[in-house]
Each structure stands twice: as structure tokens, then as C-alpha cells.
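Here's the structure, in C-alpha cells; my notes come after.
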Amino acid sequence: MDYQKIIDELHQKYKNEDNIGKVASYIPELKKINPNKLGICLLTLSCESYGAGDYQEKFSIQSISKVFALTYALIKVGDEIWKRIGVEPSGDPFNSLVQLEFEKGIPRNPFINSGALVVCDILISKLKNPKLELLNFVRKLANTKDIYFNEKVVASEKSHGFTNAAHVNLMKSFGNIKNDVDVVLDFYYHMCSIEMSCEELAKSFMIFANDGVLKYNNEKIISLGISKRINATMQLCGHYDEAGEFAFRVGLPGKSGVGGGIVAVHPDLYCIATWSPKLNNKGNSYLGFKVLESFTTITKASIF
Amino acid sequence: MDYQKIIDELHQKYKNEDNIGKVASYIPELKKINPNKLGICLLTLSCESYGAGDYQEKFSIQSISKVFALTYALIKVGDEIWKRIGVEPSGDPFNSLVQLEFEKGIPRNPFINSGALVVCDILISKLKNPKLELLNFVRKLANTKDIYFNEKVVASEKSHGFTNAAHVNLMKSFGNIKNDVDVVLDFYYHMCSIEMSCEELAKSFMIFANDGVLKYNNEKIISLGISKRINATMQLCGHYDEAGEFAFRVGLPGKSGVGGGIVAVHPDLYCIATWSPKLNNKGNSYLGFKVLESFTTITKASIF
Amino acid sequence: MDYQKIIDELHQKYKNEDNIGKVASYIPELKKINPNKLGICLLTLSCESYGAGDYQEKFSIQSISKVFALTYALIKVGDEIWKRIGVEPSGDPFNSLVQLEFEKGIPRNPFINSGALVVCDILISKLKNPKLELLNFVRKLANTKDIYFNEKVVASEKSHGFTNAAHVNLMKSFGNIKNDVDVVLDFYYHMCSIEMSCEELAKSFMIFANDGVLKYNNEKIISLGISKRINATMQLCGHYDEAGEFAFRVGLPGKSGVGGGIVAVHPDLYCIATWSPKLNNKGNSYLGFKVLESFTTITKASIF
Amino acid sequence: MDYQKIIDELHQKYKNEDNIGKVASYIPELKKINPNKLGICLLTLSCESYGAGDYQEKFSIQSISKVFALTYALIKVGDEIWKRIGVEPSGDPFNSLVQLEFEKGIPRNPFINSGALVVCDILISKLKNPKLELLNFVRKLANTKDIYFNEKVVASEKSHGFTNAAHVNLMKSFGNIKNDVDVVLDFYYHMCSIEMSCEELAKSFMIFANDGVLKYNNEKIISLGISKRINATMQLCGHYDEAGEFAFRVGLPGKSGVGGGIVAVHPDLYCIATWSPKLNNKGNSYLGFKVLESFTTITKASIF
């Protein structure tokens, strides 16, 4: 299959299509981005690499970083973390405070904000220098030193993040946050502010396509079992209230962020990352979703 | 891989294990079942067949029938049905009336009771003899005439099914049920009362492992796309509030019923069906879940 | 104080005011009413009687009948009924199925639909001829034989009452409905269909202003304690989601119905009933509310 | 009526009764109180004064302070405040975040925590020295300089008040908190920490029995209308999830606090305050509730 041709055609088609999505407005710093960016990068397990458009330009990965944090917490702490977070989809069209309250401060899964905040809290308790260590972990996965936090985005989120503050305080009231509320939020916002390109994201997610092993040096980062479980969690919980739609239309485990990025994994085959800043009404990249749906339709390959 | 050996060992191991599950008590007729039954049946795409224990004994398939109804509705009506039902997981630890009310009578997915009731309503509007036609569709998938409703179970459910009556009335108040409430409930309870064995279930689910094609005569029943989408929907919504746990531990699309049956599909590889009547506290077969988790762990194969 | 003058002036003022309310549309039979009707009737404990406009014309009392049913159940069964119904305001802007489910089928109070349905269920279990006996009880309070059910309204509500059917089935699933669902709904719809005039309503509510004693023959119907408690329940739960607003602006215990009627009680002083079919967005009579607010403002008398 | 005798007998009876209530445990500083304290104070509009037990001992008034804050905000800002807070009972057995989220950050009424936090925010915006000015207002109502905040209680609440922090952050995310989150919480905890005796509370609530006029110097503090509305709001929202029960059993507007105090008002007749630290499972003083119920039963007088 001529992957480069498919990706080029998808890039060409969607670049010129009417994009009814909207750039995330609740983080002021993110609104400054050029809304017409479109990048696609595909890396196969047989080490082929395909890119189109702005696939080498860095952007704010936002919630995609939750997958890195979860993976790192599983490495550092192991299955203990599941005592404090569930693995069920949130299935909630309205905000998650309701469920969090009903379920006594235990977030439904590690990819909703409250769940990621608990993962952050776990890492803070375990690490000496949480922010730097997490950053270095991501750098290792992506095989580059050139990955950083964006402090402007951190500041922008902090000054508007009252919903996250509500969540973390509610969980603290239930005893499911051990560290200081402000320390947890600071770590969380740094994590979300990481900037990477489609190419770097695809590289760093290759461990989930490769049974937990780094492609570039064959180092085993996580076990086969953990790799499969992270994929399962991405499949069920990776796209806010649109996880079902993503499974239904794209058919691959994946994770999206409000910066407009989406990474998807076809275990034992490939990773694909897309970036387009305008989001649909569920908070997922409008074009990214379409590119991925078209890609699995054209290639007639999904995990289902 | 010696599948027969694996299955025999799993049967042996779990048959003698302490089973802390409980037979479903809310349908009086189902409580009469021998709680120690355990059947396992595996059918591969290469036409091999493996069975252990009570795999040829019929039992009440209950919610597993919702997959047949959905498939038949997609054949008869097509994507129109998604205007009246969603594809998102319900993610609700408490009963679904809350969400149904919040979302104006549109059930979250076709595998929660309210969603299956809408599918039933759709079939009733479309078919001349809904009950017989659905039964014949299932018979065709399983390649046997010997499949029937159990009228005692129907009567038992009717006299206790006040929660379902609440759901269907609520949806009727929102205009999402077109037929008479009692007619819809009657069809729904008949559908749930279908009795099949593990072997028959595995046979009838082979179309989802075989890209929509009947194995025994190569007839195309549904398109590749529909087959993939039904698998995706089973993965995300097939196990009540335990869909995430099932994906996490078993890693295959599947559907369970309160009669104690579970069917799981590994696309392009096999179907596996289990039956053990005692349920865990989420309403899924306690042993069936364990057998399937062990099976994918031993065979090191899941879709993730 | 010249009550007749006050009432005439209020009638005059509001009859000609722009009425932005809307006649209840969900019961087709009620939509046929002339929307411009306006009646006011005041009866004092010193046996004075004042009326203005359409105060002698009968209309569908709807939810006002819940006060009669509660009173009759307290007479026939006593405080036992509080094991199956609460006395707390519902405080719910959205439909009450959520709370009913959360609270295991125990309605918050006897004036929300689910609570009134339980009261009906209690009366059905206790009475030989529930419908006739309740009707005769109301006739006795109003001191007239000329009070009837409206069978057309009953039929109209039955064919559209799917939300009530959902509630009663949900409560039945929790064991808080003892009789057949259809029998309970039939009794409930008959109760709601009772037709009375403002004058008859004011007369029949005089027991709550008169410490439980019928004014016209000094018969003790209920104890002082029960009378005070029914008043308290009307104050806290008598106006759907607007109970607080009614207490805040009018300051009297009262009960409204979607037929456009409102009755209010000033213990030891008077009863006042109003009727104007157009409802505000909370389901209470738009003009009736204004007339009563003006009345207690002008007379500078409320219970607070 | 011999009020002193009634109060003495109630004090005697309940002092020796088994008290199954429990001292509030979530504010560590409050747990240090002697749980057997019992004080009752009655002040009539005809200037009689009756006391029994520990009625002159100061205690933490907690939520009772919300009535002072509301009154002061109505004086300083007027009806504008109702754009940011409702007057409906909350009716919620579980925590109010659900409703706050559903209703876009507008609290249901000024006596639930979130509502009081908005009142605090309003006062902070309006006053130069909010804490001192509020304290002086309370001192004026009680006609004594000897009323203070308890800084130990403030510190204790701050270090455990994560639920309140969640509420205020959630409202901030909806734009219904204008000042800094920490400033609002600091003011709120100071307000709650005010210490007063039953006698001082009864004195300071006399304006609500006396149509808004201070008894000791005839100064008009609030209009008759505002006085009636505050009474109505206390009646409907003054006792957490037990407002209906309090109206039903006691039949007077009132406000309770987790410090064990309750103040109740009989407009145009009297104020009565009780204090007993052990709380029932709804957070209201177990004995205080019983004393007030007995008092209105014996005196056969309630507003209903």
C-alpha cells in the first residue's frame, strides 16, 4: 500500500475543505495559533516514515500528555494506581463533578481531567523532581532532547483553570489527593503545556504499537500486558464524550488534545499522528478526526 | 497453539474454583438454573471447533440478543437508526433513567436496555412478523432451526419488568418510541428469552470475526464496515458498567447477558463463547469473565 | 379593610394587563379553555365572602386535588403514609426521575407527581370505591354535590401521560406501589380531572385556615396538628420549582394546578383562590401569582 | 402563658434525655466543645426575656451567620443580589455541586454554602473592610460590642475546607465569583467563626420578628418587605435537607448551624434560640430541634 500517496491525498483534500471546527477558546494562549495548520505523520513498525503538511511543527499536546503520565506512573508505582482511578469510560455529556462526587472522589479513568490530576498527584509523591523527570521520560520515548514545557501556556491555564481547581479540591475533600492542591495543579498544567510535533508524537507512541519496546534501541519500557491495557484504556476513554464515535468511525486506540492533536495506534502495525487546531463540539480536532476516519476506511484496516 | 488443551485446562481450573458470583435474582424463572454449569466453546476462522463442559446446553441468552437485534435493524433500516440511538458508552453506575432524561429520550447506545428497546421499536415498525422474523434471522446465523423463545421467561420478566416499563414510557414521552408501549415490551422480552448454547452463539457471532460473511455458506450478511462498527460498539458498550474492565483485562469485543453467557470476537481469528450462571456485582458472568481473561493472557492475543 | 374593593381593583388591573403566560399544552383537552378567564374569590374566617370575575366558573383543578388526596389519606391511614413519602421540597429544575431513582422510589413530598401517585396507591388499598369516596370527600369540604370528574380530561391525560407511567413503574420496581400500575394511573387521572370554581376551592380549603374544622357545620375534619402540617407542606412544596419564589413574594401556604388555579391560605384569617389559565414557565398561573402577590402586598399581611 | 416554666421544663426534660446526635467532626476545632451543653433563650416582642441552661454561653454560630450576611448584602446592594443567587430550596440529599453545575454556577439560595459564598463575594466587592464591617453590623443587631471571630476555628476550617474550595472555584469558572478565591474563602470562614450566645442570637434576630425594626432603639434596619422575605427564605431553606421536616414539626422560620445553634422566629411574637452541640444525621442540632418542636406543640402556636 502506498502510504505516502494516501497521506498526501488526505492532506490535500482536507487542507482545502471547509473547516467548521473552532480553536479552543478557554485557554487564551492557545487561541493565538494559526487555525489552518494541518499535519499528518505515519510511522510503521517496519520503520517506514511518512509525513505531510505541518507534521514537523510543534504544538501544545495538552491531554495527549495524560498517556505519558499514566505510562510513567505504571512504571513507577504499578497496579497500585488503580486503587485511586477507574478504567471505565466517563460517558458524561455534562461535566464530571457529578460522577466524581457520586463515586467518592475516585475518577472514572486516567484520561478525564480528574483522573489525570490523580496520576499527577501519584507522580509528585513518587518523584524527586516530577516535572523534569516526566519531561525526560517523554524525551526518551521521542528520542530527542528538544521537548519543553511552554510557560506562557502554563500561566494562561492557571489563570483560567477554576474547573480543574474545583475537581482537585473535591478529590482532596475525599482524601484522593495527597499533595498540596497548588502543587498538583502546577504539575498538571506543565504536563499539558508540553510541545511536540506530529512526528515526535508518533515516535513516542510507538511503544504501544510495539508491545512496550522502544523501536530505536529495542529497550523494553513496559510489559506487553501494560501496553495492551493502555491501548484498551485509550480506546475506551481517549476522546472525551466521543470515544464511542471514534471507535465506531476510526476503529483504533488513540488520544486527542484540545491543542488539535490526535495520535492513534494500530498495534503491531503503525502509529499515526495528526494536528489541526480547530475542534469539533466535543473538543476533538475536527479535521484530525476526519483524516483518521478516511485513513482507516481507505486502508480497510482497523483493530475491529 | 493447542486450543483444546487450553480450553480443557481452563474448564478444569474454574469448574472447581470457589465462585463468589450470584445467579440473577430479578427474573424469577432464571433463578431455577443449576448455578454450577460451565461451558466454553471456541470456533476459529479456519473452521476448527473446540468445546468443554456444558458448551452444547442451551441457556437464556438475554442481553446477548441485543447484538442480533442491532444487526438486523442495520440490515433492514440502515444508518437511520443512529438518529434515535447513540454509540457512546453509558458509563453510569446508577440506573440509566438519569441520562435518558438528560438526553431527551435518546439512549446512549444500543446495548443498554433503553437502547435495545428503541431497536425493538424500530424493528416492529419495519417487520410484518417481528418476533418470528428476528428468530429466523438468528437461526440463519447459527445455521440451525432449533432455536426458540422461552415463554415462561417472557412471562416472568413481564411480571417484574417495571424498570423497563419506566424506560420505555419515558422515551415515549420524548417521542422516541413509535409503537404501543406493551407491544414494544412484549417483543423485547421475547428477544431476551431466546435460548442458545455456547456453540450456537459462537457460530452465530462468526460473521463479526469474518468481515460480515457467513462461514458455512459464504453469504454476505453485512458489510465489512458494519461488522467493524458492531465490534467497536460491543467493545465500548458490551458489558454494562464493566466495559472498561473487560477491554482492560480481556481485550476483545464482546457481549454478555444476565443468563450467564458471554461471547467475544477476535476479528479475523475466532469467536469464543462461555456460560456460567453466577454473575459478579456488575451483572457479568463471574467465571466467564475469568475464563476469557485467562484465555487471552495465555494465548497472548487481544486486539490491543 | 375593604376586601371587595381590593379584589375588584386587582381583577380590573390584571384582566387588562398583557399576559405573557401560556395555557398548558401537554394535556390536549385543557388547551380548549378560554385563556382570558380570570376569577378571584376570598372567604374570611368571619364568614365574609368576596368574588370578582369568573370566580364561579368551574375549571380543571389538576394538582390542587393532591391536597385533598393527602388530607384524605391522613384521615384514613394516618402518619403511616410518611414511611412511603417525604416532606422535603423537591428543588429540581429537571424532572424528578433522577431523585426518585436516587432515593429508592420514595418521592420527596406528596405534591410532586410521584408523591401524589403513592398517595393514590395508599387510598386505593384502603378504600372500597376509591374514586367515588374521594369525590364525596371533596363535595363535603366544599358543601356541594355539584362536583364531578371530567372523563374527557381523563382520557386526554391517559393518552399522553407517559412520564407519569414512567414514574409509577419506577416506584413499582422499588416496591413503593402496591396496586396495579394502570389502576393507580386511572385513579390519579380522575383525581386531577375534578372541576371546581374558585369559590368552591376557597370553601373547601377553609379547614386549613380554621384549624381543621368545617366552617359551615363546625365538624372537626382533621386535628390542629394535621392542619398545620398540611399548610407547612403546601408552603414548602406547593408550587413545583417555584415554592421559594411563592413564599418570597406571596408569603402564604398554597397549591397551584396546571389548569390555572391557585388556592392560598392565611391560617386563622382567610382563604383566597384565583384562576387564570395561562401559566408561567414554571407551570404556575402567571396572573394568579401576580394577583396573590399584589393582594398580600396591599394588605401587608403574610404569615412571615 | 408561663413561658419561663415551659422553657425550664423543656430544659430539664431534654438535658437528661439520651442524645443520639453527634458533634460535627469535620471541623476539628469544633469537636473540642462539651457535647452536653444545652441552652434555651426566648425573647418576646413585648420585651419579656426567658432563659434556661447555658443560654448565656457563647458558641460558634457557623451557618446562622449566613442570615446576617444576607441581610447586610440586601441593605448594601439591594435586590441586585438575586441575579446571582436563587430563593428556591436545594432539596438535595447529596452535595450541591451537581445542581450548581447544572444551573451554571447560580446557587439555589443564600443559605447553602455556595449561596453564602456568593453573598460573601458581593459584600467583599462593596465594603472597604468587609470582615470588620460585618462584625460591627452583627454587634449592632445584638446591641453588644462583645462579639468576635474565633481565629482558631478559621484556621481549622481553612485546612479542611476543600469542598468549599471546590464550590467557589466552580462558581468562579462560571463567572459568578468576582474576587480572588482565597479572599472569598477567608471572609466566609471568618463569618462562620463568629461566636455568640443564645441570648445574643435571639436579640439579633428580633428585627425579623419586629418588621425590620431594632427593638432596643426603634431604628429601622430593613423594610417590612425585606424582613418578610428573609423569614420566607429561612422557612424554605434554613435547615439544609431538613427544611421540610422543620416546617412540618416546628412550623417557624429559622436557621441552624453545625455549631449546634438554632434560632427561630415567630413574626410579631417572639424569637427563640437554642444550643446543643450534638447534631442529627442532617446536620441540625438533635436536641435543639426537639426543644423547638415541643415548644410550638405546647404553645399551640406556629405560623401555619
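Read from first to last, the chains carry the letters A, B, C and D; within each, the first residue is number 1.
One rule holds for everything that comes next: a residue touches a chain if its C-beta (ideal position, glycine included) is under 8 Å from a C-beta of that chain, and two chains touch if they have at least 3 such contacts.
Fair warning: this is a prediction, and the values are worked out from it, not measured in the lab.
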Farthest chain from chain B, going by the mean of C-alpha atoms per chain? D
Using Cα averages as centroids, what's the distance between chain A and chain B in whole Å? 32
Indicate the whole-number Å distance between the mean C-alpha point of chain A and the mean C-alpha point of chain D. 48
I'd like to verify one number: the distance from the centre of chain A to the centre of chain C, where each centre is the average of its C-alpha atoms, in whole angstrom. 55
In chain A, what residues contact two or more other chains? 94, 102
Considering every pair of chains, which are in touch? A-B, A-D, B-C, C-D
For chain D, which residues count as touching chain C in their complex? 86-94, 99, 102-103, 108-109, 224-225, 227-229, 231-233, 235-237, 241-245, 247-248, 251, 253, 267, 297, 300, 302-304
So, in the complex, the side of chain D touching chain A is made of residues 94-95, 97-98, 101-102, 162-163, 165-167, 169-170, 172-173, 181
